[in-house]
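Presented sequentially are two complexes of chain A, the first with chain B as partner and the second with chain C.
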Partner chain A sequence: MSADISRTCKLPVGPVHVALEEPMYFRVDIDGETVRGVDINAGHVHRGIEYLCTKRTVYQNVVLTERICSLCSNSHPETFCMAAEQIARLEIPERAAYLRVISAEVKRIASHLFNVGILAHLTGYDTLFMHAMQVREIVQDLKETVFGNRMDLAALCIGGVRYDLDAETTAYLTAALDKLAPEAAELAKTFRNNGSILRRTKGVGVLTREEGLACGVVGPVARASGIDYDVRVVAPYAAYDRLNVPVPVLPDGDVWSRAMIRLTEVGQAIQLIRDCLRDLPEGPTHLHDRPDIPEGRAVAKCEAPRGELIYFLKTSGADEPERVRWRVPSFMNWDALRFMFRGAKLADIAIIVNSIDPCVSCTER
Partner chain B sequence: MTRLPQDLDARLGAAAPSGIEYSSTATQHGVVSAWCGLAKSEELVPVAKVLLELGARLSMLSARQLPAPEQEEEEEEEAAEGEAQAAKPEKVPPKTFGGTPLDGTSYEIDYHFDIGGDTLTVIAYVPAGGSIASLTQYFRPADWPEREIMEMYSIAIPDHPDPRRLFIDPAIDTAVLERLIPYSVLVNASSTKALWDKVLSMKGGAS
Partner chain C sequence: MANSYAILIAVLLFPGGLFALALGLTLKGADRRVAARLQGRVGPPLTQPFFDIVKLGFKRTMVPDTASETVFLAAPLVGTASMLLAVALIPIAGVYNPDPQIGNLLVLLYLLAIPGVALMIAGSASGSPYGAIGFSREMALMLAYEGPIVLVVIAVALRTGLAEGHFPTFSLAEIVHYQQAHGAFVLDPVMWPAAAAFAFFYPANLGIVPFDIPEAETEVLEGPLLEYSGPALALFKIMSALKAVVVLSLGVALFMPLPLTGGVGLAAWVGQQLVLVLIGVTAVRVSRGRMRIDQAFVFFLKWPLLLSAASLAVAAYYTAGGAL
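And now, the complex of A and B:
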């Protein structure tokens, strides 16, 4: 009789859950407090944006792709523009290449600080959460001052960028980075040393290097599992081939390693922006208005805050593209949760999900 | 400075004896995009095995319905009219190099592989109502994209290990990217028809 009774029971987590900013439904098999398996049910924010893209012109799509996701609202149009520029064989001006790096790295800092802030909240260390969000506010103010909005929207266009830095905004940017750098370093120190953080994150949600390679994970999730892969280095774009881009790699593959990779990258992004400001050449910020995009096909990729973002664009020479397809970093990283959840405790589910920095809007489009 | 092997096209050609269509381009930064069209979609698996040995990572899958070449058909019609319909030429739709008809119903499935930063796109053509082999058993990252392709288009992937819907609810008919779904249906707002009837009848009464 007892053999017929299943030892595990199913626990629904989501679609609306305190640890998730966006809806995703996990059906978790638990045995006591231990996770034995997980089934992921997606589709709650599927909006059919890929279909919409084929009904709008290539230029309208720059605006549409900005709205796929909030935290990658710079990476989507950047990669889309790169694909269109490849098809039209356009070379963006030097100054635009550096300005693209600046906008991407500002976005990376804001995205990573948000993620580690939420991690602090999930470990119950709310003071640190509020502190991290306050530090992030420096970047938000910076975006509002330089780009005119707190989302870094409308910074890019096909053929270059739509914003420029003058003496005043450069001075503000430099001062903001000077204020941010010590705060970010202090935050990293806390995550490195604080007992509460370490106890909840060390050895939790482990993804080994082999599992990571099998899942095809990208970005900080890959680098925290010892996979040395960063699009900025292996497939350089914009001005990254002229900049020193260090790639932090950690071997353990746990939640703590993923947070530390992000915090390290915040410091490196600050340095990259400073390098760009130092080397920023004079000249135009974009090519002539609205170059024609002929028939063609292209694949472009960039390193979004969460990892490799890849776009496929097929044009027919008409105003509307024939097909726009993209795959966001989160799309690959969901699968890795099955490994990370293995043997995890019920209380760690939220922390593990947050550690892949999931983006449901990006994943489901 | 491509990271793709020098003899990649030869290796792919050996795995796909029916023929491949290989080309490559590079960006100003030296990042290579190579394209490999397959004459026969049945040769996808042997090609994928070659790439597995090379340590490639399956980065993305894209599918699309190939458009019918409208312009050429119009020209044909004009020519036929010019000949006073003496001999009606049979309309034979053009084909891909492998023989898949390009009549607006066939599909192209692109498998984008990453090899050390460079991209190789393997292209398989599937006619309407056709099927393609699953790569999930060789490349784990093919799982979700293949499920997505099955719900977006009328493409069957019979040997997929988990062929459930991914994003679209099972209650919705398949091949959503091939149909126009009115917004009112999408948001389940068709119940407002009564309101529109009222609006239209009022408009009719006024005029």
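And now, the complex of A and C:
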């Protein structure tokens, strides 16, 4: 009976742990059930994609960047294309701008529903998890029908988009959104009112506004801590400047607030897609085939489901870029974990980690 | 000699041993199947728990280097043995009466605590930090639910004993006979607080959501069971299947024995268990999330303890009043 339950002991959480979707390694100092300190380690899924990007042509990189991570697989090529278009001084067609918004928002809905589903799973509420995944299945079917794939949409190309909506797919998209909207609202209501969820998420993993600003958190994590920041509003791209993008903000900064922000954004994304379908102009979906990318450098950013995603691209006029670098939202939110873990219980670790919706594949590439 | 053979049969064949194991695994299968349907899944076949046991039986038990081997391997044996004996202690209304030589309700209460203790020992002997956390959680949870259940049992004993005109009786057979003659306690408003308190005992003792805290998969990776594999893990699964039968049939014996006998009585008893599993286990676990250990502890100190204390007071007052 050598169980030291009164002294602080080290507990490994990860790198392989059922509660973590991707490999992360936390060495947690626990005192009974209370967390006293956390050592966060990363580096288990480094694949050298940044280096690989300099060995592929700019056009191949559109495909490659889509494969950095599955849940933000639209945001990476979108930002990369934006950087390349900046260097080549390309204006994408109006119809392409709206279509880019549609593909980005579809991925946002799927990503957010996945995250809140996992939250339910981590609290042991598997029925709600199954339900969230069933609601998400509507989006998955939508992606498969409209884009041809359930995860990587392959929607983007430099100078526009690679897909188009005809009468049939538009009708399907509209019907799917009409089916999704009440289900998503019901799901949000459950997360707002269910005792099991509230008990485990209210007041857990609190990140105050000041700490959030100090860490530079982005995306839903920032907005749940009262930081009114959304790239779609502060630096509009694609067609966002012509759309009404509301920015939901909650003051508490706990796990529940972050889940609620995501669920609110699901509803808003549905509305954004509807607005796009309403305003969708006629015209080409992309520029002439394969515009040349001259020498230059550019920085582009977009609002990925997890927050601000920034791309730096440097080209030399050759086929391959000289340097591609990206800063992912999870990298900024990652650091805020040590504030959220303060005084947390052991049972809350997985819930708190999940609440920043960490994307390890993006962060470690 | 004949007597000891009867006890042996009761422990190893019916109602303990093979019969209880088959029943427990079937109940588990039904629970998994119905839970899956409630969650919009197909779910495993009813026989899946049997397959799991057989599969584990053919595998090797790995003992971690950090574990204390003897204790590590003895824990599942002790737990399973205690449950085999416990099943033989509980009467089936009109079908089976346990030999009073084996023990009474008080012995049963002690036996019921042993699986929890076995898990605690298993967790700490495995040498895994997750096991140690499972140990401390199991201990906290036991402290929380053991008090109310003892009070409930005393309330039932008081009610029966005083009504029969003597001291509280801890003979389950007598409690069952009394209810068969005078109607089940679950229909008696005086015993409703006790029945309600007992209802909280189910999920806590069986380790299901919202009280599956010591073995929470997404928090402590099955806690005490983390390092177990092969036949040793199969024994723990057998233990929990038997425990389900023990706890469910204890509930039936304490609150709702039917005035039936023979084959009909046995079938009705099995039916009662199935209904109790679906209402008390499946419906509970699919409709909520897990509590944190501190929340569960406070919860038990509040509602079940209050209810069981009230049940004791009410039972004592009304029974004594009736006798006077």
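Definition applied: the second predicted complex is superposed on the first by the 357 of 365 C-alpha atoms of A that agree within 3 Å, B and C clash if a C-alpha of one lies under 4 Å from a C-alpha of the other, contacts with A are read in each partner's own complex, and residues count from 1 in each chain.
Simple rule for what comes next: a contact is a pair of C-beta atoms (placed from the backbone, for glycine too) under 8 Å apart; a residue touches a chain by one contact, two chains touch by 3 or more.
This is a predicted model, so every value here is computed, not measured.
Within the superposed three-chain model, A:12 lies in touch with chain C and out of touch with chain B [touch as defined at top].
When the shared chain is aligned, no partner comes close enough to touch A:175: not chain B, not chain C.
Once the two complexes are overlaid on the shared chain, A:130 sits against chain C while remaining clear of chain B.
When both complexes are overlaid on chain A, the residue A:63 reaches neither chain B nor chain C.
Touching of chain A by both chain B and chain C, each in its own complex, is seen for no residue at all.
Chain C makes touch with chain A in their complex at residues 38-41, 121, 123-125, 127, 129-133, 135-137, 209-210, 212-213, 216-221, 286-295.
Remark: chain A residues 42-43, 46, 48, 50-51, 86, 91, 213-216, 231, 234-237, 241, 297-299, 301, 308, 310, 312, 314, 316, 322-323, 325-327, 331-332, 334-335, 364 touch chain B in the complex. Touching chain A in their complex are the following residues of chain B: 3, 25, 27-29, 31, 33, 35, 57-60, 62, 64, 67, 110, 112, 114, 116-119, 121, 139-141, 143-145, 165-169, 176-177. Residue ranges on chain A touching chain C, taken from their complex, read 1-5, 9-12, 17-19, 30, 32-33, 120-128, 130-131, 134, 194-197, 199-200, 345-350.
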